[in-house]
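Each of the two complexes below includes subunit A, the first together with subunit B, the second together with subunit C.
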Partner chain A sequence: MSDDLENQLRAALRPVEPSAGFAARVMARVEAEQRRQARRRWRIPASLAASILLGLGLYLRVHQQRETAAGLEARRQVIEALHLTDEKLDLAYQTVKEASGS
Partner chain B sequence: MTPIRTYLLLGMLGSANAWGAPAQVAPVQPPTQAAPVPGAPVPAAPDARLALPDLSALAQKASQSVNITLDPSMLAMASRFLDSDDPQDAAALEIIKGLRGIYVKSYTFDQDNAYRQSDIDAVTNQLSSPGWTRLVQTKSRKTRANVDIYIMLVDNRAIGMALIASEPRQFTIVNIVGSIDLNKLHKLEGRLGVPNLDIDSPAK
Partner chain C sequence: MDRDLAKARAGDEGAFAALVTGHQKSVFGLALRMLGSAHLAEDIAQEVFMQLHAKLASIESSEHLRFWLRRITAHRAIDELRRNSVLKFTSLEGEAQLIGAEDPGDPLLQTKLRSTLLRLSPHARAVVTLRYQDDLDPLEIARILDMPVNTVKSHLKRSLEIMRESLKDHAS
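Our next item is the complex of A and B:
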């Protein structure tokens, strides 16, 4: 009984020659794993850099939009201020004209 | 014509010119400049910027209020957005070129006399300081509008202008800091709907 078991175990655990190309496949898998790990190592810094670039781009765009809005508002104020000044100068002129007419 | 000559022409409204009779126009008072005392400390150049009073109480009563504060940086920013190909913008650009500030407060009311004389005095008191000269004072009986125009002269050069227009339903203060050329403002006339003042044609 114990001999049978031993024989069965021997048969089951007998050394088997690896199939052709086994070592190459293992090495290929190891290299693939290393490449995957290398890619994984760069993923976080690359994501961070992309986020920073995206954030910077958004900031510049918002800043430019704000600057344009402020510039257009300043332009509007200049025109309005000059309009008002003109209007009041004209008021003075009309008064003088009125006086000369009476 | 130099700006100063235009100012003087404006000031000499009492004499015969295109503006007409002088009855309601105050004559210009030439600025008096004391001779410098040798060895005396040189006084700081006067600033044409007025300390405009806090008129927030008026703003609350007003149906429309305009409060414009354009300091040098704002003027520089505005000039970048004024289109030199557009006639109105080009004229405005030309005017603001030598300016260091434009400050305007204007309040429109739904009823007469909504503001007090003390509101006007808060500004006119500052204009009695040295350097300021009243150029024009008009009082209209018809419209009950009073307009006072002051300029600040330093070495016969205008470095600022102040305008106070008090009408029954509107009160406006304009303070322009820097060398304003009324000839340039003149260019703006007509373009902005204001007729030609004909101020620089004494021969007419």
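Our next item is the complex of A and C:
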């Protein structure tokens, strides 16, 4: 009885082939997974490169703004210096004019 | 098969496809008998082979490959059964397509045995399927399932008793 049951079980549980095209479906999933991993492999270097470019851009912009501010300050100082010179020249002219008139 | 394994390990996708074809019957059969669903068994079997593709470098021989495939398939099916409690008492989805005209024996009796298998605990299903589908001895089954050999023997004994009882009902 036990042997008979075991034989029946062997027949009932014999290995079964999956539906046709199983290996092709596995290979398609393997290829899709490889593509996904390749994209993931590039994601970190691409993010890193984008971050570096962004940082460089920000640095250049700040640097440019600082230079612009420094240029404006120099211009202001030149104008102020010219203004002072102008006032002093006026004063000197007035002094000379008064001296020659008296 | 060893040649296919060596070529697959070297990156030959055609050789890997040959490995899949060579082992698909055993892997799919084990998953199907444990889960009772052709759809789920196909999914588990595909995932097992995808995992194999990722782990090919660690597979040393054809014997190791067979051991590895059985181990991963059985454990994945057990996990699936634990996760999906509906499967514990599943009907035999796709059973009709699995009984071919060339099959020996009584088809109704075999359907009864397969239905009874699906009433067993996940570990008992794995033990019985590895014993009667793949003709493994209790020691090999114990290694595959990470359980003491006496536990394997007691699963077998208890499962055969349950099968015998179900056949009595079938005969009456």
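To be clear about the criterion, the second predicted complex is superposed on the first by the 88 of 102 C-alpha atoms of A that agree within 3 Å, B and C clash if a C-alpha of one lies under 4 Å from a C-alpha of the other, contacts with A are read in each partner's own complex, and residues count from 1 in each chain.
The criterion applied here is as follows: a contact is a pair of C-beta atoms (placed from the backbone, for glycine too) under 8 Å apart; a residue touches a chain by one contact, two chains touch by 3 or more.
Keep in mind it's a predicted model, so treat the numbers as computed, not measured.
Of the two partner chains, subunit C is the only one that A:18 touches; subunit B does not reach it.
Residue contacts after overlaying the shared chain place A:59 against neither subunit B nor subunit C. After overlaying the two complexes on the shared chain, residue contacts for A:9 are found with subunit C alone; subunit B is out of touch.
Between subunit B and subunit C, more residues of subunit A are touched by B. In the superposition on chain A, contact is made by A:71 with subunit B only, not with subunit C.
Of the two partner chains, subunit C is the only one that A:29 touches; subunit B does not reach it. Of the two partner chains placed around the shared chain by superposition, subunit B is the only one that A:80 touches, whereas subunit C remains out of contact.
The residues of subunit B lying in touch with subunit A in their complex are 13, 19-25, 66, 68, 70, 74-75, 77-78, 80-82, 88-89, 92, 95-96, 102, 104, 106, 136, 138-140, 142-143, 145, 147, 149, 163, 165, 167, 172, 174, 176, 185, 188-189, 192, 194-195, 197.
The part of subunit A that touches subunit B in the complex is made up of residues 67-68, 70-72, 74-75, 77-102. The touching residues of subunit A, counted against subunit C in their complex, run 1-2, 5-6, 8-19, 22-27, 29-30, 33. Interface residues of subunit C facing subunit A in the complex, by the touch rule stated above, are 13, 16-17, 20-21, 24-26, 28-29, 32-33, 38, 41-42, 45-46, 49-50, 53, 98, 103-106, 109-111, 113-114, 117, 128-129, 132-135, 160, 163-164, 167.
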